[in-house]
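Shown below is the structure under consideration.
We call the chains A, B, C, D, E, F, G and H, going by the order they appear; numbering starts again at 1 in every chain.
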Amino acid sequence: MANKTVVAVVMGSDSDLPVMESAIEVLADFGIAFETKVLSAHRSPEDTHRFASGAEERGLKVIIAGAGGAAHLAGVIASATTLPVIGVPMPTDRAGGIDSLLSTLQMPGGVPVATMGLGKSGARNAALLAVQILALSEKKLNTAFKEFKDAMRDGVREANEKVQKRLKGDGSDG
Amino acid sequence: MANKTVVAVVMGSDSDLPVMESAIEVLADFGIAFETKVLSAHRSPEDTHRFASGAEERGLKVIIAGAGGAAHLAGVIASATTLPVIGVPMPTDRAGGIDSLLSTLQMPGGVPVATMGLGKSGARNAALLAVQILALSEKKLNTAFKEFKDAMRDGVREANEKVQKRLKGDGSDG
Amino acid sequence: MANKTVVAVVMGSDSDLPVMESAIEVLADFGIAFETKVLSAHRSPEDTHRFASGAEERGLKVIIAGAGGAAHLAGVIASATTLPVIGVPMPTDRAGGIDSLLSTLQMPGGVPVATMGLGKSGARNAALLAVQILALSEKKLNTAFKEFKDAMRDGVREANEKVQKRLKGDGSDG
Amino acid sequence: MANKTVVAVVMGSDSDLPVMESAIEVLADFGIAFETKVLSAHRSPEDTHRFASGAEERGLKVIIAGAGGAAHLAGVIASATTLPVIGVPMPTDRAGGIDSLLSTLQMPGGVPVATMGLGKSGARNAALLAVQILALSEKKLNTAFKEFKDAMRDGVREANEKVQKRLKGDGSDG
Amino acid sequence: MANKTVVAVVMGSDSDLPVMESAIEVLADFGIAFETKVLSAHRSPEDTHRFASGAEERGLKVIIAGAGGAAHLAGVIASATTLPVIGVPMPTDRAGGIDSLLSTLQMPGGVPVATMGLGKSGARNAALLAVQILALSEKKLNTAFKEFKDAMRDGVREANEKVQKRLKGDGSDG
Amino acid sequence: MANKTVVAVVMGSDSDLPVMESAIEVLADFGIAFETKVLSAHRSPEDTHRFASGAEERGLKVIIAGAGGAAHLAGVIASATTLPVIGVPMPTDRAGGIDSLLSTLQMPGGVPVATMGLGKSGARNAALLAVQILALSEKKLNTAFKEFKDAMRDGVREANEKVQKRLKGDGSDG
Amino acid sequence: MANKTVVAVVMGSDSDLPVMESAIEVLADFGIAFETKVLSAHRSPEDTHRFASGAEERGLKVIIAGAGGAAHLAGVIASATTLPVIGVPMPTDRAGGIDSLLSTLQMPGGVPVATMGLGKSGARNAALLAVQILALSEKKLNTAFKEFKDAMRDGVREANEKVQKRLKGDGSDG
Amino acid sequence: MANKTVVAVVMGSDSDLPVMESAIEVLADFGIAFETKVLSAHRSPEDTHRFASGAEERGLKVIIAGAGGAAHLAGVIASATTLPVIGVPMPTDRAGGIDSLLSTLQMPGGVPVATMGLGKSGARNAALLAVQILALSEKKLNTAFKEFKDAMRDGVREANEKVQKRLKGDGSDG
């Protein structure tokens, strides 16, 4: 991958990696050059600010940030850059992630964070949204995303056939 | 405004207009050409599908969709286009909008909706995210967004001065 | 089962099958001919629309749809058919299924979805509601449903006896 | 209206009438003969049981029940009849109606209640679901429901035009 | 235990027994004669009504009812008796028991259910409340309850000592 | 009212009086001698403890306690008496009273609080539960409660007739 | 007030002033020198960071921060200072403030925010906690706080007397 | 540790110890002398009151209290002392700890409890807040806390490097 890094995948702790890998896989599949960072809005605020305020100049186009609990990471990054910031709320053991979700989503007017659903699906969708954004000015990605969408539909059709087979003889004629 | 329409602001009902006007104002302020549509995922599904599947070809770049309750509009549009879709959950009278929020946000892996906070702030942020996305390939918008961010900071400073004045004589030396 | 297929059991993913099998078993028990489909409101929207808009003509009477998260499947089907649509919210790992529940239930005026409780009990009840609806014009089903209701009552009585036995000697004279 | 009463609209208190009137209007519009009853699962349990257990014999086909708080009315009626029962959770002042919603929806396996969304939209949809159920064996209602669905779509189109007009000159070319 | 049965412990299903045994144990410990019943508000409504309306005449003083989901059992029993009814909301797998809790608690004015906390602690407390009620007219129980309260306090003191010991050498002088 | 005070209605603040008056009215209606107290678990803890620990000796039989927010009043009283304590969670402006509700209800095993629903209905039911408890050993109250229950049923029947009249001519034959 | 400023009352917007004035009044009553600031974690992040990281050197001892929605202000300040930070979650129109509450409270291990209840009571308590902290090393404040606590208890006693008077003649002997 | 005990770590039950040990470890690490107590607001109210009202005289400076469910412990202690009280809401099996959280946090104006997040992180932060408070008048602790903050930042940097290494070869250049 010789092309320029355009997406950053940032997470509040290395314990978020198992979730954020769902984003990383998608970016790799689409051949998008990305970097990953562990940065904490609360434990390394200056590093985080330095990263965010320098991101555009370093050529980044989109920042994906995953954090849990009082999840300030995406918002703090959004406060220091004009790049689109995509937030992934981490599931949390106890409050089920509703804390992460509301802390990421309910941003004040003026500082948007594009919030995804909780957990792995959300991380995966964060990367796909990054692809959609980059595809606006990159024809090849646009074509790739369309193929991805077709493949997804075909996947549903295959699942349908699989279910038909499994149920044959159960009284279903489906 | 002679330039090409690049953003659509779609809403499930004309009763959503008072909220979605917060998006419309931002787009107008940034000089972005946009269209508005009332389309219902449930009451006019074919019109909605036709709109969404033809959006890219018609030159749109970003779709903002606001809906309430079992808010399927953003998701249904996202299912039929490869453009980035930004969802604005409408506040609802009874469940406080948590129904709109979860129905917009919790999309399955594969079909992202960039979800904003509830209501007017969310609508405003939806337009600002659209600006951020378009600014990636339009230098002039990028500059404008930076000015907007500076003005926002200055607004906080002015609010600070206003509060200082109001509290003078109250025992605060603020 | 030579009779005509009158109920469809649709699910958003084959991973929903373990829950939706509770519906399938009930339909089989009552001798109702049904079909099962995997269809996704978001990943195969056109297949879903085609299925829903053609359902009545194909002779279906009732459609049962199970989906999770931003669960749009039942609503999207209801938007494209005049048949009664019964929604089964899937439990989800993180938000406990409240997302599925509200996304299925809070439909706008004009497009009802008959929503069941979360998970297996809900799926079972979806099939029983289908039986109740079909029984309105099919005497035999009505009789069968009454027998089912009696058997259910007898089941409670047996459970009562079982508990009495288990507690004998515990100080209960129950 | 000389035809036979086939739907009952039951409510736990006469204070529920302003919400349940949304159901009543729809039934009247479709020319369906209905009766209304105030019955309380808790304050007049025997009247409620008598009503429910005799409903089928009296020729009723569908029962719509609205109640709030620990909303047991729909479930209690469903326990004593084999007819389809549609539940409308009443909004409540304090817990926002989530109590009504869960008390109506989360029925045990074996006793379905077709639950609608909260409040007036839910009441309206309850009546529409009744129409859909009755339309399965009454051609005229089926046609009427299709016309209703078309009119609803046209209503969205008109709302769209209204919004276009209101925004003309605002910078939208929508 | 030759004395007259004064408390009934009723549950909606025999699967509730592991929770309700916490109530049973307390009643046995206090030497209170009780009976246990499996009765379902929805699946055996007539048995339930018969039980409740005859309870007082049979000499019962207090009824404890545990149920989950759309937990109508306590309310339905309360509707048919003038005896104090104590409700125990069962934890549920998915909505965490908040459905059981609100369905039991939010009774309309006129029909109280003395609601306990979720699960085993709630079941235990239901029995203790029954003891407190019966102790109002039975001196011996009153004395026993006071001893129980003292023993509970002593239990806390012992737990305190246990913790002191465990932490000795950890830097605590506690 | 020459008889001995047997019920105390305690509230955390005089601002709770409008809600707690619903309890007071019921007690007055049934001719039960009661006292009212403003006592705060947090702001007058020693007065509260003195009240609770001396309650039984002063002849009280039942204590009703209403409080809001982190509603500790009922629990704190229950910790210092062996009398039955009935808790009324006050509605709160912001969290809708769910804070009051859970703080009152989720008591640890060993210290029951008989929790009522939120607000005025809950306060009314608290008094009715007190009546039910006292009626166990006072025949006259038992008779009065039965009359109350009959009157309540008759009230529903009258509401039913009122609704019939209001809807006459609306297409309902109700 | 000639003494040194030791407390800062910071708020995210001047619209938060009506709530935060409850803190200001308490500080003024106790004669504590304070300053007030409008600072936004998202709209003026650098000003906020500068304020927080210089706070200790400027002689501040405690920082009170109020913010709403995705309320990051207290957490962002806590990340940049070693002073105790007290967070006041602002009530919000739509999600009832639960978003503010969880965003302020659920901080990661390592960066505490002393979170108060929602709104005016919370703001008032924030100032009182600041007083308690300062009182640890200032005898005069400790005495003042004790007097405050006694006055609060006396206030409850007066409220009690007020209620007694109001109810005299209502059948209460309270 | 020869120095005077200044912090108490109190918990409602010895089953809370695994959570509260996160507080104990921090205090030990900072060399702060502390004591631990098992005290129950409900099961040993008099012991609790005695502890709280005597705490200041015994030389304590800060009290940390952890409890779950209807978590009254921190509030009850705060009602009887003028020392700062820090509350740690225990996670609970069923309602996910939201009961503990609201019962600890939503204190009435006048009696602050500095509430931490749920569970172990909250317990850890409680101890760190105690350190911050004590550091206001103890230079050595202030220095130690600054070192702790630096170490925490370094920990994030190390986690970042760890993640970089793990992802090397995965297509990331991060």
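As a working rule, contacts are C-beta pairs under 8 Å (C-beta built on N, C-alpha and C of every residue); 3 or more make two chains touch, one makes a residue touch a chain.
Note that this is a predicted model, so its numbers are computed, not measured.
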*Can you list every chain in contact with both chain C and chain F?*
D, E
_Counting C-beta pairs in contact, which chain pair has more, A-H or E-F?_
E-F
*Going by residue numbers, if over half of the contact pairs line up, that's a repeat, so tell me which of A-H, C-D or G-H repeats D-F.*
A-H
*Whole-Å distance, chain A centre to chain G centre, using C-alpha means?*
36
*If you average the Cα atoms of chain A and of chain B to get two centres, how far apart are those centres in Å?*
19
*asked:* I need the residues of chain B touching at least two other chains; which ones are they?
replied: 13, 40, 43, 46, 69-70, 95-96, 98, 105-108, 110-111, 113, 117-118, 121, 152
_Which chain pairs touch, all of them_ = A-B, A-C, A-G, A-H, B-C, B-D, B-G, C-D, C-E, D-E, D-F, E-F, E-H, F-G, F-H, G-H
*For the chain F and chain G complex, residues of the former touching the latter*: 1, 5, 8-9, 11, 13-14, 17, 24, 27-28, 33-40, 43-44, 46-47, 69-70, 93-96
*asked:* Please output the residues of chain E touching chain H within their complex, sorted ascending.
replied: 91, 96-98, 117-119, 121, 152-153, 155-157, 159-160, 162-164, 166-167, 170-174
*Would you mind writing out the residues of chain A in touch with chain G in their complex?*
12-13, 40-43, 45-46, 49, 69-72, 75-76, 78-80, 92, 95, 98-99, 102-108, 110-111, 113
*For the chain H and chain G complex, residues of the former touching the latter*: 22, 61, 82-84, 86, 101, 105-118, 120-121, 124-126, 128-129, 132-133, 135-137, 142, 145-146, 149, 152
